[in-house]
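Listed below are the structures to be examined.
Next come two complexes built around chain A: one with chain B, the other with chain C.
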Partner chain A sequence: MLVEAGAWLDHRLGVGASIREAARHPVPRSSASWWYVFGSCTFAVMVLQFITGMCLATVYAPTADRAWQSLLYLNYNQPLGWFIRALHGWGSNFMIALVCIHLAQVFLFGAYKYPRELTWTAGVVLLLCTLGMAFTGQVLRFDQDAYWGLGIAAAIAGRTPLIGGRVVKIILGGPIIAGDTLSRFFTLHVFVIPAVLIAFVVLHLFLVLKLGINEWPMPGRIVRRETYLAEYHKMVTEDGEPFFPYAAQKDLVAIGLVIAALVVTAAIMGPIGPNGEPDPAIIQTVPRPDFFFLWLFSAFALLPPWTETFLMLTGPVVAIALLFAIPFISGTGEKSFRRRPMSVVLLVMTFMTIGILIYLGTYSPWSPHMEAWSGTPTPVDYVRGRTPLELQGAILIQAKQCRNCHSLGGRGGMRGPALDDTATRLTPNQIVRQILEGGGNMPAYGKNLSPAEVNALVAFLETMHPGDEPPARSSINPAVAPSY
Partner chain B sequence: MNEAAKPLSRPALAQPSRRAFLLRLGLLFNAIAAILFAIPVLGYLMSPMRRYAWVSWISLGKIEDFPEHQTRLAIYRNPYTKPWDGKTANIPCWVRRESGAIFRVFAINCTHLGCPVRWFQESGLFMCPCHGGVFYSDGARASGPPPRGLYQYSHKLENGQLWIKAGQLPTLGEPLA
Partner chain C sequence: MAWRVGIAAVLVVSLVAGCDSLPGRPRESDRPISPSQVKSFARLYDENCAGCHGAHGRFGAAYELADATYQALVDDATLKRIISNGIAGTAMPAFAQTAGGYLTTAQIAILVDGMRQRWKTGRPLVDAPPYAGPDGDPGRGARTFAQSCAPCHGPKGEGGEKAPGSITDPSYLALVSDQSLRTLIIAGRSDLGHPDWRGYPPGQPLSAEQVADVVAWLAARRQHFQGAVYARNR
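Right, the complex of A and B next:
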């Protein structure tokens, strides 16, 4: 029955033979490895994203006044809505992770070299599409982070020379972040980027089939334009195996494991957000992007200000151009990572840089703790047995918001140095100068403190030294008491 | 496929025959049609770029609502809105009344990357929660990564009310007037 139906269809479509041929195309025996499963896994998760995305679109309200409520409805009222949201949110994280592993593997194995340059190029487009989906998806999770994330995007775009203001309005769809902005990102996330994604996935897979799967790189086996195709042909005809089932079985196992892991993760971790309502009038907010853009957020905090505009605008362009250029820079030669030390170093350094920036971003030491001044207690040891003047200083440290940027006993902001051992580093005169004039990353407090208050602050800070370390003294005239 | 197509198309293009003429005409028509189609589509998508009158005067309330030597948060409804903008069109700003008729009205957005700055009355500073930018009470840059002081709205006092010229998100490319 099934066979007959298949035959009936194939008689009209006539694609059976080519599908069979594609499935059984010979692959190098060495490439049926567990290292080669990540592309297929990414593809599988992408298909899941399409399915859960369509499910979400049946309930999500893509307008600025309703989107946030519809997310809450999905989380709490819609049967299994929480789980579909969890699958979609974690699916996005999985997909980014898999794309990165796939990219690293392809890079290490030299799979982008001749004749597979175009496959790599299409893959870079797919990477950009994935990141584009992640960013637009984060905007559709229309909460405070989404709102201020758009603000950050607008602020970066606004730095474009000459046309900055106009670029901002095109991105936002209007003069402010509002209904038109969400609709624009909805269109990108649901129509534009998926269309590009599908087109390039087709191209990517077509090229993989046409050019064959990359063989396991052997040190010393050099890629030459003149001979590679013949060598590869010889390899797969003499020592090849049919893709199905020889390589496909490992793909299938890996896909099954990844999907199971995704379902379990989603079930345990639950949906991601939304956090607070996207009401710009709620300014008690600490905007943070999702982890895959956290490293950019960190980089923007750490870049020296004079390089900032230039690097923000040109950095991504240069990085993307370099990614595209890799197969044209080194299209031939050694494939094995054992013979490409610089490539390995480059890859490790890139991943380490991004990893460290993400780690820094998770606790953002450069961000003041906006509630520390009123909400974080003073360590008891720092106020025990102190004079009234010193206690007055301890109160001022809190009341003047010093604690938002300076920690005491490990608690408080980390923007400035911890105050626990200030006295060992600065003499009283230096403390006064620093408070009144600021400097480094500190504002000048001169206008906002009375001399009596400065006096109290210095008295307190002078007690800030470990018991066995004396406070710093001026080397010029150590005997003279501070005067102000 | 390729071999079959080549001998057919080459002579067809080479000869000034009716077929070649029709092919060129077809290409020309399609090029014109594509342009006719693309212009309105691009115009539609790029329309926010055109300079509409986004900005207009709006009242922030009675002058007495803003005590002297104080900085207060004020919230206004953006003059250009759509019915489905919801709360996103409620824009906050900081109003500083130095004394008497001397006001300063600051945008909420940090000049670094647009995060909402918060006013701390005790230390007389605006602090930014994102990367630790700090501004003095007059809006001048105090420290941190911001490249300039806070954006300021133009304002006027009329009929006992404080008016500001508002309507667009301030950025370095287009700071408020």
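Right, the complex of A and C next:
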């Protein structure tokens, strides 16, 4: 029955032969390796994302007043709605991770070299699309974190000279994040980027089939434009195996494992967000972008302020341009990573940098802590034995929200130095000047504090030196010689 | 091959059977609520008050709200008014939405009730000076101060061994309200060891008039700042 129907279809369409041909196309024996499975895995997760995404789209309402509510409905009311959300959310993280591993593998194995430059270029487009999907998806969550992620993007775009304001308007659909913003991102996430994604996946796969899977790189086997194609042809005819089932087996097993891991992760970790309602009037929040943008966020937090604008605008452009350019910079020559030490170092450094930045962004509170001022009490040790004026200073540290940026007893923001031992570094006069004039990313409080308030703050801060360390003193007051 | 099928089967079965008890399933208690819907006293207090008044109302830089004597002294309406409108001229902020804060009337009621339940533990006060009263006379206050306060705070309030730091420092006095001085003198601060009205010294409770007089004497030390005068500028 089935076979007959298949034959009927094939007779009309006539594609069976080419599919069979594609499945059977010979691949170098060496390429049937566990290292070569990441592309297929990414593809599989992408298909899963499409499926779960379609399920979610049936419930999701892309309007500002109902988006957040519809996610809550999925989480708490729709049977298994939470699980689909979890699969989709973690699927996105998995996909990014797999794309990065795939990219690293292709880079290490020199698979981007002649004649596969275009395959690499299409791959970079796919990487950007994946990140674009992750970003727009995060916005669709439309909670406070979404606001934040978007806020950063808008702030970056807004710094573009001359056209900054207009770019922000195009991204957000207006000067601020609102309902129009959401419909724009919904369109991007559901129509525009997926269309590009599918087109480039087709191109990418077509190229993989046409040019053949990269052989396992051997040190000393040099890629030359004149000879490579003939060599490759010889390799697959003499020492090749059909793609299916020879190489595909490993792909299928790996896909199964990845999907199982994804299902387990989703079941254990649950859906991502949504957290608080995106109400701009609510400022009691500590928003954080998702991890794949967290590293950008911490990079910008760490940069010296005067380089920020320049690097924010040129950095990503240069990085992406470099990625595209790689096969054109080193399109021939050695493929083996054993003979390309610089490439290995470059790759390891890049991943390490991003990893460290993500770590820093996760574990140190860069962002001003909106709730720190009210939530976190002054450490009791700083209350006991303090004079009335000093206690007033401690109250003002809370009231003036200095702890958004400064920590006491390890709690509070990290934009500025911890204040626990400030008196060992600054003399009272320097403290007064720091508070009144600010500087180095600290706002000047001169106009917002009364003299009595400044005196109280300084009195309190002057006590901020550990018992065994003397306070700082001005160099014009000589130290009093200890009397024996 | 068989073991793979086995694993997959176990996964699918456990997923279907246990999908309601999976660890990732969001619980009703995880449901995000907007700040205006928070109804738990502990959370409201920790997020809004603990920063200044201390965890559990004690050992904060600002007044000890968990002091049983204080809770017996003050009434609900006063607490509600202070939390809603703050105390002008001091760091105590206004919390009511009507006064520019973030708390609803219901939340302020929860705060007041919660403080009463937790901290108003003692019996009613006997013969205590009332929470508020008419202004006193600084001249008489000087005498009461010398007698009742000077042993700890020094003759001019400049501080002594038992109570370091000046309570007549113009910057200090500029930052606190008269009521806060009155509250402290009547109810004391058990966490930092400040006596209440019965303890200056024990056995000679201050009368309402004496309390008002001392407050008036302290208030008279308050100077008005003109321009930027930094007392400690060196």
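Rule of thumb we're sticking to: the second predicted complex is superposed on the first by the 364 of 484 C-alpha atoms of A that agree within 3 Å, B and C clash if a C-alpha of one lies under 4 Å from a C-alpha of the other, contacts with A are read in each partner's own complex, and residues count from 1 in each chain.
Operating definition for what follows: a contact is a pair of C-beta atoms (placed from the backbone, for glycine too) under 8 Å apart; a residue touches a chain by one contact, two chains touch by 3 or more.
In this text, all values refer to a predicted model and were calculated from it rather than measured experimentally.
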| item | value |
| --- | --- |
| Contacts of A:Gly151 with chain B and chain C, given as first, second, both or neither | first |
| Partner chain(s) touched by A:Asp180 [first = chain B, second = chain C, both, neither] | first |
| Touched partner set for A:Arg411, first chain B, second chain C, both or neither | neither |
| Partner chain in contact with A:Arg221 - chain B first, chain C second, else both or neither | neither |
| First (chain B), second (chain C), both or neither touched by A:Arg24 | neither |
| Contacts of A:Gly385 with chain B and chain C, given as first, second, both or neither | second |
| First (chain B), second (chain C), both or neither touched by A:Arg339 | neither |
| Touching partner for A:Arg433 - first (chain B), second (chain C), both, neither | neither |
| Which superposed partner A:Glu277 touches (first chain B, second chain C, both, neither) | both |
| Chain A residues contacted in one complex by chain B, in the other by chain C | 277, 279, 284, 373, 399 |
| Complex contact set, residues of chain B against chain A | 45-46, 48-49, 54-55, 73, 75, 78, 80-92, 108-110, 112-116, 118, 120, 122-125, 127-132, 134, 136, 142-145, 147, 167-169, 171-174 |
| For the chain A and chain B complex, residues of the former touching the latter | 63-66, 147-148, 151-152, 154-160, 163-170, 172-181, 277-281, 283-287, 300-301, 303, 305, 308-309, 366-368, 370, 373, 399-402, 404-405, 413, 415, 438, 440-445, 447-448 |
| Chain A contact footprint on chain C (complex, rising order) | 4, 7-8, 11, 15, 19, 22-26, 28, 31-32, 34-35, 46-55, 59-62, 91, 93, 102, 159, 164-167, 169-172, 174-176, 192, 225, 227-234 |
| Chain C partner contacts - residues on chain A that touch it in the complex | 72, 75-76, 80, 82-83, 86, 143, 253, 256, 260, 263-264, 266-271, 274-277, 279, 282, 284, 371, 373-378, 380, 382-392, 394-396, 398-399, 428-429, 432, 450-456, 458-459 |
